[in-house]
Structure formats: structure tokens, C-alpha cells
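Right, one structure below, let's go through it.
Naming follows writing order (A, B, C, D, E and F), and every chain is counted from residue 1.
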Amino acid sequence: MNTGHTSPLRAKQMIASTMGKARIFSEALPFIKAYRGHTMVIKYGGSAMIDDQLRETFADDVALLHLVGIKPVIVHGGGPHISSAMKRFGIEPRWVEGLRVTDADTMRIVQATLVGEVNPDTVRLINAHGAVAAGVTGLDANTFEVTQADERLGYVGEIQKVNSGYLIRLMDDGLIPVVAPVGRGPDGLPYNINADTAAGSLAAALGAEKLVYLTDVEGLYADLADTNSLIQRLTISRLTELLGSGAISKGMIPKLISLREAMAGGVKQSHILDGRVQHALLLEMFTPEGIGTMVMNDADAR
Amino acid sequence: MNTGHTSPLRAKQMIASTMGKARIFSEALPFIKAYRGHTMVIKYGGSAMIDDQLRETFADDVALLHLVGIKPVIVHGGGPHISSAMKRFGIEPRWVEGLRVTDADTMRIVQATLVGEVNPDTVRLINAHGAVAAGVTGLDANTFEVTQADERLGYVGEIQKVNSGYLIRLMDDGLIPVVAPVGRGPDGLPYNINADTAAGSLAAALGAEKLVYLTDVEGLYADLADTNSLIQRLTISRLTELLGSGAISKGMIPKLISLREAMAGGVKQSHILDGRVQHALLLEMFTPEGIGTMVMNDADAR
Amino acid sequence: MNTGHTSPLRAKQMIASTMGKARIFSEALPFIKAYRGHTMVIKYGGSAMIDDQLRETFADDVALLHLVGIKPVIVHGGGPHISSAMKRFGIEPRWVEGLRVTDADTMRIVQATLVGEVNPDTVRLINAHGAVAAGVTGLDANTFEVTQADERLGYVGEIQKVNSGYLIRLMDDGLIPVVAPVGRGPDGLPYNINADTAAGSLAAALGAEKLVYLTDVEGLYADLADTNSLIQRLTISRLTELLGSGAISKGMIPKLISLREAMAGGVKQSHILDGRVQHALLLEMFTPEGIGTMVMNDADAR
Amino acid sequence: MNTGHTSPLRAKQMIASTMGKARIFSEALPFIKAYRGHTMVIKYGGSAMIDDQLRETFADDVALLHLVGIKPVIVHGGGPHISSAMKRFGIEPRWVEGLRVTDADTMRIVQATLVGEVNPDTVRLINAHGAVAAGVTGLDANTFEVTQADERLGYVGEIQKVNSGYLIRLMDDGLIPVVAPVGRGPDGLPYNINADTAAGSLAAALGAEKLVYLTDVEGLYADLADTNSLIQRLTISRLTELLGSGAISKGMIPKLISLREAMAGGVKQSHILDGRVQHALLLEMFTPEGIGTMVMNDADAR
Amino acid sequence: MNTGHTSPLRAKQMIASTMGKARIFSEALPFIKAYRGHTMVIKYGGSAMIDDQLRETFADDVALLHLVGIKPVIVHGGGPHISSAMKRFGIEPRWVEGLRVTDADTMRIVQATLVGEVNPDTVRLINAHGAVAAGVTGLDANTFEVTQADERLGYVGEIQKVNSGYLIRLMDDGLIPVVAPVGRGPDGLPYNINADTAAGSLAAALGAEKLVYLTDVEGLYADLADTNSLIQRLTISRLTELLGSGAISKGMIPKLISLREAMAGGVKQSHILDGRVQHALLLEMFTPEGIGTMVMNDADAR
Amino acid sequence: MNTGHTSPLRAKQMIASTMGKARIFSEALPFIKAYRGHTMVIKYGGSAMIDDQLRETFADDVALLHLVGIKPVIVHGGGPHISSAMKRFGIEPRWVEGLRVTDADTMRIVQATLVGEVNPDTVRLINAHGAVAAGVTGLDANTFEVTQADERLGYVGEIQKVNSGYLIRLMDDGLIPVVAPVGRGPDGLPYNINADTAAGSLAAALGAEKLVYLTDVEGLYADLADTNSLIQRLTISRLTELLGSGAISKGMIPKLISLREAMAGGVKQSHILDGRVQHALLLEMFTPEGIGTMVMNDADAR
């Protein structure tokens, strides 16, 4: 135990520093007030899922969000992990019009990777930061019911129904659900689901306040070629314009379409965040300046 | 809609047949009364997990147990699946004194197989039979906390603590937990757990009424060499004698030791069942003659 | 304790027999799933109430229905008991247009017989089979409010209002209500109610899934004179035609009218069962072939 | 609607009269405070059960006790009703050492009378006064489990166990239980129970605050021959002395023995009241002077 | 302990007296039935708040109302206390068109008096009579949100919104709220509210059954000059006529307007009582003749 | 809506700044985890109650503590307000051995000031910062039962019993209780209680985790004469030594004695904070360095 005495000078310096801290908490207060008790669906992927330090600060942020009364739900993807597993097995991917075909063998690897690797690893990561997570697949309690998206693509599912009761009970019990995007088809077999879409559908089904995409870009740009043109806030109408204008990169389009549907389904605000920034979640949620791009409904933009 | 008339003769035959049926329900009544509301931990493995028809009747039985008010918990192994996955990856198993070493690479395959293959497949199987299952790993909500069993064996865990709250809530919500025997080590990493041991520890932690091992043998024999010597019922004392007598096959010994510990921990009755028999669970639970071997406490044997 | 060994032959025979049993449980599974949690009002009368063996199998069936999660409500009559009690008292029945007059003296005997004899005897019968029953009269908690049906008939009541809260609470507490068909008149005095009608009104008030009449006939016949013409299933429309056709016996008419009203009031299915068959309830509920006649709504007959 | 004006004189008179009333409520306040929320078992019998006007004021009192938050439980006898029913049937009572033999025939009449006549009549009586009563026999939910009291007496039961859960739930639901003293024997058959004893056993089992006997005497006398010697309050010790002294009438002895056992079992206070006085219950409970004799524990008499 | 014997004569006298008492309880029974479980807002003021004996009988009455299951809410004023406090401080009241101006200094005295003197004194008074009261100001949990009534009058508030959740929870916890009529203005500062108006608004917000004004007059007169013309009952229509007729004293007008609004907001009955009569509340509520003037809705006057 | 674009430089600066912020939240995480769900009794007084800016940051801090799941209870004093009110009334304080005498007149001013001025002002202050507070006096629901501390001192109470049920329910309802230190004496009259003592008693009665004194000093000094000797942490044993050593200022002694008693009664940690520092509460609770002096149990100091 340190019971050492403190000199007045040292005390003054400490107080100056801690008072800066206090101001920061103070600044966060209105945001905490506004979001607590609300559900926040976070699509977890990209660098934030791979870089070790970013993984730690991500888990830290999720734990803090949970502690101040927000209910986070994590939906993870796993593209790079799946590709690397396929390589290990020596399976050559097949393509139809630029989309990867998920045949039965591929689906086994997808499931083993998402459910058997990424999901438990994410659960462990969060548990190591003091919150309590529980892994969920869309098969558990029939959470995701899907149909085949396109018969040429094989076991790729399109969500028809989200049975959200199981997730709601987990959240009511104080747990953070970590969701693998696999669903049950009409044939009873497992289907892979696009994680961006799964996050959007879940956000709508849960009546989430917020939907957050952790990506590897800074946000949306008014002009793709100009990194000076980062958009901080935009409305759904403006987003629709952008989608029509060609200013959106290919990889971003499915995210934005899912996001727009989720907001049509009742989600209040969505965020495109740069997952390469440490504590990106916290900074967007609890500081007035935020980082990344926030999408809001037209009606809230006045 | 069949509204066709029935001849008196046909009606008599029908009644004769249906009355036989009624007697069977009637016979099951006292067992249903005795077990309803109680927890039954079922170690699922062997042929019952591989043979397609046995898988169906297993799921049927679990659904019926659940419907009459019993709370089943399934703990599955996955030895053959793991071996086959390792072969696919071309990983050569290493052995220490006859026990397989689980190094980091092996553990990744173990987790991918148990959590990413066997577990969701079992969940889907039960869901297809009308009950509602949810997959759980020992990492979820820190359900299994383990320490390293033997440092030469690598990532093999010994359960130190079962945090059963999560499973209890799932059961209270009417779900059937399907548990993969993976736990969290003191280093935060996943460890493989022997499924027989995991089932026993879980049964004790949940205060289960029954612990059931689905195996590929008829039960215990008084004399291993004599298939005429199947034991229908025995006490813990007699079991201990048998364990000392050499009459127990090698593969059965760890099951029986786990079973004995579980009963010392409060489990009332344990069963060694022949999973190769269709509806083995139902027959043991709901018919007076039963199948397999039942182990009871000495005090209950009077 | 029998720990004797079993020969392989004996074991095979046993397994053959028990596997037949397992199939029967398996067959019952979808019916149990469909009915559990639902209320089933059973009009108890005829031979099933008099013959000692039938009484036992009736109680067995009620206990099993209750155990698998169905909520049975028993409404009993007592005609023969009342007639015999009147004879003992030397009271001569009086008739108006073929209907028995219930004057004050007769009503006292009716109440003493239904409430003081048949009701507690039925409660004891069920309690002896492991379920827990509680006797109820329509006077308790003002369950049945009646008006005089016809002033020439004296204390014969027509139900105006069913206060079902009391019965619902008993069922919620896991009890099986056994109901005597006596109600409270506007003058505060007790009135006798036809048990068939009481069962129908109660089924509608409770939102019962099923209404079952235990009778002393096989069911409905397409042609009263031809015992070959038993109808297994029919719709309400067809029932109405039959009622107009003269194919219905006199005794059955009031049952069918009550049944039709109950179904108009929301009951899903009704059954006319032969109470002379042991385990008639179980056979109708849990075997695909059923016995007796089932009435369904036109909309469900597609 | 009377909107007529009031003269000042009339108003003064009214106020004088109403202020007397107010004082009476005021006086009752501490008693209501002391008893509310507590259970009061009332043995109902004698004139209060036969005389029409006394029946009405009894029901009024029970309703008022209930309204101010006391939980009354009524246990009724039915001696005179049984005797008259036996006469009607022409059954000659048999006696062993001065005690009536209850053979099977007699027991049927006892049950028909208590359960089929007195019980529903009492339920109707209370319901007509605005409280809500429900009839209960000791057979319902196995409330009274009895053994044979003396084999020479036939179906006379001695209470071995009171399963009070059913009655407690009725009271929690705001109902007033009206209990017929019939219990279930080890042979499953109904047995008659002395109503005074049943009331005492029930009071102890329910942890009742008070046990009240409505009788046809003023209370206990210090000297049986001297009606000037009514005792208003006495302790259990003094009661034991009196029981030994011969100052207690024969009919009173079983009541006092039951009362003493009930108080040994935890009942706080017992009352012997004159049921021939209108509103006897109310006067004893809510006026400082009381009527009749109150028995208290020695420890409370300081 | 008094165990003295009672002479028969004395007993008879006692019984005659107590039977009169019983009749009074009996008479109160229907009123208790009708009002229990309902909320009754009582404006407490005038002599009943100042005269020591009236204070005691008021508290007695409130405790008895509470005990029989009515939920009283007390709203107090404090005019005379405020005037005397202002005199002590030597503050001269200012007036605008006959209405007192509440400047900042005056408001401080108003708050100190209502919240710091009258409120805790009333809480203590009720607590001393066995019920449990809790003091509340309109600032607690933002119960009263007000706007400035008239800018010339300063800190005089007009209720815009009643947040009644806090009071409802207090009542659910078995407490009697004692409310000081102070509210929070849009500037966050405290404003004084007319107590008559506060009582009316609160009664409407709470869905109260009754609103009672304790005043220093007998009630309403058909002719103000004729004390013979006290009105016992009147309808809202008739009240509106009276308000237009000049038959209402100046002091009574704001009470009647608040009362009329409260009844338009759902209150069933209102009472103008003479608080100078001991036990005025009890007499109005529990005796058929009542005292004072009751106002009912036109629809209830048939 | 600002949708302006951001230059990369500006973005980098922003990120640098916000990342510092994120680290601060991150640092606070373990403290939030440790304290959430726990009760914290805060003695509010001194400059923090008088200086306008300190009042605002105090309310901010209380609101933030509440938002992150801590349950604050505020106990306020009011010495300077009372002195100034007495001066206004021209009442001369009387002293006995250095302690102020609280005669009946003084007590009226004390109550008017604490309950009618400081308490509602503090409630308003907190409500204006987004948490919801409710004012409570020790008279409400008989929260503080006191006896006279010293008859020469008049209406000065010593707490004998804390009835904490009322406060617990307020906290369970999400409210922040603001408590005025006035209690009910055995004569039913209000008594003034030392606020430091009231806070300590309340902390013990509520099983609080923390007891915090906001004072006008930096904390405790090892050597009163040396402002370099501020003690950051000390144990109860060391505190007891200090109390015996003369190193404690007079004003601090009663606080420390109350604190020591509270910790003997189960409080885990106590804090002497400098209320003159903005956000003192937040800094002590959520930063690793803290400010002021923390007292812990000897057992926790290892």
C-alpha cells in the first residue's frame, strides 16, 4: 500500500491533469444518457479483428459500452479466415459472375471457421476484458431462418426471418451475444450469410438504436478520389444520392444497402467507422467530435 | 379428410391394437412422474452420433423427454471427427504414454471440429425434431474454467469450476443446451476437455437427477469375456469393486470414474446405455425393463 | 434389487418388445407437442363413471394427460346417482313434457348427490392416480351464474355467465378442477345445470382447445341403424346436416348442440368417445388412428 | 337523487349521531391495525349456522373482516344436519362407549350432508354478502390426510397431516375458504373429522393469528353453576387448571383441547364466542370490551 | 390482566351497547367495499390543519381510510403559516389586482414554510397515528412541472404536467404521500402553486375516485344567505348553474373550478366537507347520511 | 446539420486528441466495473454546496455516477444557511460547553432551512443535470428514529434506528435520495441530527460500499502543520492512531469518528475529499491517482 505523502506541487500537477480527465467524462455524459438501455449492433471485421492491439482496444470499448448500460451485439464475418482455411485444405474457389460459390465442402469449412474459430475466439477476447459474452450461431434456437439466395451460389442464404427471442433473453441476462452469420435453410441445412446483411437484419429485428460497421476505411467520401472529402454526417436521402453517383467504392455498397434497409426497419442511426483507429467505437460514441461517418434519418437531420 | 366408415371387425382389431398402446403409455406414467422437472445430462457419442437412423431416433427421444417435462442437457464428444479432420490437414498425432498430445495446431482443429462442426450439426438435428436447442461452448459465459491437465499433453484441460448459471437460464427458457467440451484456461486460451468428464462435472454442477452415457457397448458385464453377464443394476460400492477387479474394459474406465464422481457430487442415478439400439434413451427411461446398466447409490439400493 | 444377468437371447427378445414400445411413444410425439399447454374439458359420465375398471383407466388417462402438459378440466354429471338417491328417499319424480321437474326437495337431493357424492368421489379417484384434483361447484367463487331455464321445471338453470377466473387459477397452480354442474340463480339459490351444457359453456369460457364427451356409444353413425357406419371425423357443417337428418339418437342431440355452441365459441375440436373402452381418452389423443368421432371446424377440414 | 336541503337543527342532530359513529370507528382502529393481514380460523356451528338472522349477521361479519384485510377461513360442522339426514334415511345410529359409529353407509350420508349441503349453502351465504367464498373439502388437493381414530368407530379420521398449500393459494387470491371436515384415509377413502379438531389443526397449520369457536354458550365460566362467573380472559395455564377442575361442560372439553393444541402449535389467541349474539365476531374483534372468553398464551398475559 | 367476572346485567348492557356498534360497522360495509383500492385526494387546510384536536381526528381518519384499503393522498396548503412567516421577517406583501405577488424573497419564505414546516409537521402527525406517510414536494422526481401563471405575480406556477409515477410508487409501497404544492418552472426554479388547484390536477392525474376539500364551511348553500339551504348532493350541471348564479362565496370559487376540471379529467366524486367537524372524513365516507356536499357527474345522478 | 468535410491534417489532430480521451475512459473502466451496483453515501457540504460552479460540477458528477450504475445517496448539512436564517430572525444562539443549544424556536428554523431550503434546492440542482432526485427527511416513513443526545442541548438527536426500506425503494426505482438530517424523537417531535453522523449511520444501514465526505480541506495530513504531508491512503488502525496523536483538526474529528463507526458497520471504503476542487467526486472515483484521502479496512490493505 502506498501511503506516501504528496508535495503540494505534485498535487497541483495531478489536479490539473485529473481535471482535464474530469472534463472528458463530463463531455461524455449526454451521450451516455442518450444511448443507455439501447441496443447497438456492431459488425465486427477487418483490421479490428486481425491486428492484436486493435482487438484489445475493441474488446475494451465493448466492455465499457456494456458497463454504461448500452447493450452491444457483435456480428462477425470471417472472410480472410475462410480463405486461409480453404487454402490449407487445397480447395480451389469457384466463381459465378464474380461471386464465390459455396458448395457443400466449402460450407463445411465456412461453418468450421466462423462457428469453430472466429466465434469462440471473439467470445474469449471479450470475456478477457471483463464483460461476459456468449457465442451464438443463427442455428441456435433457429435465430436465422434463410432461403437460398441464388441457386448457382449453393449454400448462400438470404434471411427470411429473424427469431430474436433468444438474443433478447441473453441481453436481458446481461450477456453480450457474439453472432456467427450462419442460418438454417428450408432443407434444415446450414447456409452462409453475408455478415453485413446479417448485422443489418438483426439490428432491425432487435429494434436497435444504432448499427455500426467497423471497416478499414475512414468513412464515406464525397469524392472517392479526394481523401479530404470525408463526410461526417449525412441523411438517408443523401446516402441514396451517393449510391447512385458512383462515389461509393464497390466493397462499401452492400454495407450501405444493408444499412439503408436496417434504418427503414427502425434503426435510428448508423455509423461507418475506421476500425484501424484504436478505440474507434468509444471515440464515435462518447466524444462530441466523433470519427467516421454517421447516417441519420432525414427526419432527424433538421 | 378421411371420413370413411369403419367396419365393426376392423374397429375391434384397431381397438385391440390401440389398447396395447394404451397399456404402454400407462406403464410409462410412473417414470414420467418421477423424472419430470429434473435435469438429465446425456453424454452423446459413438454410433448414435454417426449412424443416420440412430441420429434421428436419438433426436426423437430427446424431444420427447423434453416434452414430458424433463430437462435434457447434451454433452457431445467428437473423437472420430477430430481424427478425420487431422488426417485431412495431414497432421500426425503425437503421443505421450499412450495419450494424444494437443498442441496449438491440434487445438485449433479440435475447436473447429467440436464447436464448428459437431455442435451446430447436433443443434440442427434436435431443432429438426421439434425441440429447440442452443449450442454452447465452455467458453460462453465462462461456463468451464480449466487448468492444464498435464503439461506434456498441451491444451488438455481439467475442469476446476463450472459456472452453470448460463445453462440454467437456457433451460429455464425452455431450450436444450448442446455443450461442446472446450474450456477457458488460466491463460485465457481454449483447452480441450474429455467429454465424459465434462458430462460428469456438468451433471454434478447442475444437480442433475440422471447422468447418461450413450456408448457402443450393451452395458457393464460381470465377466468381460461373457456377454451373458450383462449387469442391469448395480450400486456404487459394487462399481468400485468392479473397477478394481479388471472386469472393466479400458475405454469404459474413464466414464465410470467420471460417473462415480458425479454421483458423489449429488447425481442420483447414472446409466450406461447401448447407443446402437434405436430409441435407447426412451426405452431406458420409460419402460420398466429398461436396457443397459443403471448405477445407483448404495443408500437407494435397499 | 435384481442385479441378475441377462442371456443374449432374452436380451434380444426384450429389445424387440421394447422397440415396439419406443415406436409407440414416437408416434405419440406430434400429438403431445400439439396439445400441451392447452385446456381440455372432459364431460365425464356413463359407464366410465360407474364401472370400477373403467374408472381406474379413466383416472390413469387424466393423470397422463396432465403430466405431458395438457390441462384437463373434468365436468361430471350424476343422473343415475340422483335417481337412486331419490328412490332411497322415496321421492317420486314428476315430469313436464318429458322433462324432470326439479322442485326444492329434488334440488336438495341433486346437490347432495352431485356435490356431496359424485364430486368428492371423482376427486379422490384422480388423487389416487398421482395427479392432484380439487372439487369445484358452480357456486364457488360464483363460477356459474344461471337463470331459470323454464319455470315449470323448477330449479333447472341456464348458464348466463361463466366466471372462469377461479378455475384458471386452479389450473395455473397445477390442479385438475373437477366441476359439479350446479349454479347460482338470480335469487341466490342453487340450480341444477345439464352437465353436457355446462361442459360446453365452460370449454368456450376457458378457450379450451378440446371438448370431449365420454359416452356409452361408439360415436356418431352415418346411419343410426348400421353399426358399420361409424364416422371418424366430420365438420360442423356436416354435423348440422346430421342433426337435421334424424340420424342422431335422442340422447345425443343435447350433447351435439352444446358441442356446436362451444365450437362457435372458440373450441377447436370436439370428440364423442366410447367411454366403455379402456383408456379411451389416451387412445383418441395419442394414437394416429384414434377411436370415436372427432368434430372439427369447416375451416380446419381442408 | 335527494338534493333536499337540511335544516340546521336536523344537521346538528345528524352530526351528533354521526359523531358517535365516528368514535366507534376510531375505537376499532387499533384492532384493525393489529389483525389485518393475519389469518383467522373460525369454527362455524350451532345456532349461528341454523337461525336465519344469525346466519345473515355472521356472513356480514365475515365479509367485513375480509374487507379490512383479515383472512378468514371457515370450518363448519354439521351435526344436526347429519342427524336429520340419517333420520330421513331411517338409519339407526349405533354407539360405542357413547361415541357414534360411522360405518360406510353413515359415512356416505355424512359426506352428502357436509360436502353436498352445509358446505355449498355456506358458500352461497357468504357470496350473497359481497365477499367471495370457495368450498373446499379435506379431499381437495389432499388437504387433510387422516388415519382411523379408533377402529370400533369406523370412518372417523384423526388428522395426521394438513397440506395447507391449496388453502393458502385460495386466500392469496382473495377468496374465503369454506372447509368441510372430511379427510382422506390411508385406504384412499373419505373419513369424517371432528370439526372442532379440524379447525384447530388448520389454525396451527396455517400459522393463524386467531382461532374462534362460535358456540351456543356465553363463554367459559369460573363456576359452571354460576352464570355470573363468565371469564373474559384467561391464560393457557388457567385453562389447563379449569380442564382439571370439572368446571368445564362435557361439550366444551373437546373444543378446549383442540384450542390448547392449536395454541401450542403457534396460534396467538383463541376465542369462545356466543354465536347466538348477532355480530358476535365483529363485537369480539373490533370493540375494546369484546364478548365471550379469550384465551391467550401465558407469555402474553403479563 | 383483567379476568374479572361479569354480572349478567352488566353483560346485557354491554351487549346492547356493542350491538349498536356492530350495526354501525355493518352500515359502513357497503361504503368500504365501494371505495377500497381507490385513490382519494384530500386537500388539507383550514381549521383542520390548525386546531389541535381537529388535527388528531383528521390523522385518525386518514389512518383508518388507509387501513380499510383506500389510498389517501394529502395535498396541503399553508396560507396562514406563510402570512405569519412573512410578518416575522417583516416582509410587506404586495398585491396586483387583489392577488398576492410572489417575488423571489417571498418564494423563499413560501418554500421554507410549505416544505420546511407544514409538510414535515403533517408527515409527523400521520405517522403518530399508525399509518406511514412520506413528504413530497412537486420538485421531487419532477412531480409538478409548471409555467408562470401571470408574470405580474412572479413565482406563481400553473401546472402543465403531473409526473405521477413517483406518487404511484409510494402508494404501491403502502405509504401515504403528503404533498407540498411547489413545482418546477421552465427556468428550473421553484414556483408556488395554489393548493386547491394542485389537489384537483393531482386527482385527475392519479385517476382518483374521490377529491375531497376540507374547508371551514358546512358545504354549498342553495342560497348563500340561508344556512338552512345546505345542499347534500348535486351534479356538475347544477354546480355550473350555481357558479353562474352568484350563490357561491368568493373563497369557494377556485375550489369549485378545480373540482369541476378534476371531474372532467375522470374523478368520480368530489366532496366539500366541514373540516371543523371532528372525524369529518370518516362521517362523509362511511355513514349513509354523510355530512357536507357531494358533487357527482350528471351521468351518475340518475 | 454540419456535413462539412474534414482535411486530413485536421482529422489527424482530432484523432490524436480523441485517442487521449479514449485512454481516459479505458483507465476508468476497472473502477466503473468495481463500483457499479453499489451504494455510495455522499455527505454534501462546505464550498461544494455554496459556490455556484462547484454546485454545477457536483451535480454533474452525481449524475454520471448514477448513469454508470452506482447508487448515490446525498446527505446534506446546512450550518451556514441555518446561521444566516437565525440572524435574519434575530435569534441569538446559546451555547453549552461550546455546543449550540437547539431550543424549540431554533429547531423550527433548522427544519425550515434544512427541509424547506437546502433540501429542495439540492433536489432541483440534481434534476437539472439529468438524474432524478427525490427529497427525503428522516421523518418520512420514520427513516431516522432518534433520542435526545444531551438534554442541555435541546432538540439535538442521536440516531437509534435507521428504517432504510424507504430509501432502498427509492433507489430501486432509479431515484437519487437527497436526505435532510432531521429525525423523529420518542416524543414524536423533530430533532436536528449532525449531518456527518447521519451520513455515517445511513451508510452502515444501507450496506454502502463507500462513504464520502466532501470537505473544505485537501484531506488528512500526517502532520497538520505541513501541507506537504497529505495522506493518500490509510487504514482504520492508522486512523485510530492519528485520532490519538493530535494530528487531526477539531472540525475533522466528528467526521472521522462517524466514518470509523460506519466502516465497523460494514462500509468498505471512505473518502475525505476536497470539495473545493471541481469534479472532485469523479476524479477520486474514476482516475487511478485519485485526490484526497481514502480510508480502508486493515484487512484490505495487504
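The rule is short, and it goes like this: contacts are C-beta pairs under 8 Å (C-beta built on N, C-alpha and C of every residue); 3 or more make two chains touch, one makes a residue touch a chain.
Since this is a predicted model, take the numbers as computed values, not measurements.
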Chain labels contacting chain B and also chain D: C
Chain centre separation (chain A, chain D; CA means) in Å: 69
CA centroid of chain D to CA centroid of chain F, Å: 57
Length of the line joining the C-alpha centres of chain A and chain F, rounded to whole Å: 41
Junction residues of chain C, two or more chains touched: none
Traversal of the chain ring from chain A via chain B: A, B, C, D, E, F
Sites on chain C touched by chain B in the complex: 1-8, 11, 14-15, 17-19, 21-26, 28-30, 32-33, 36, 57, 60-61, 63-64, 67-69, 130, 218, 222, 227-235, 238, 277-279, 282-283, 286-287, 289, 291, 301-302
Chain C partner contacts - residues on chain D that touch it in the complex: 88-89, 108, 111-117, 119-120, 123-124, 127-128, 132-137, 139-142, 166, 169, 173, 175, 182, 184, 188-190
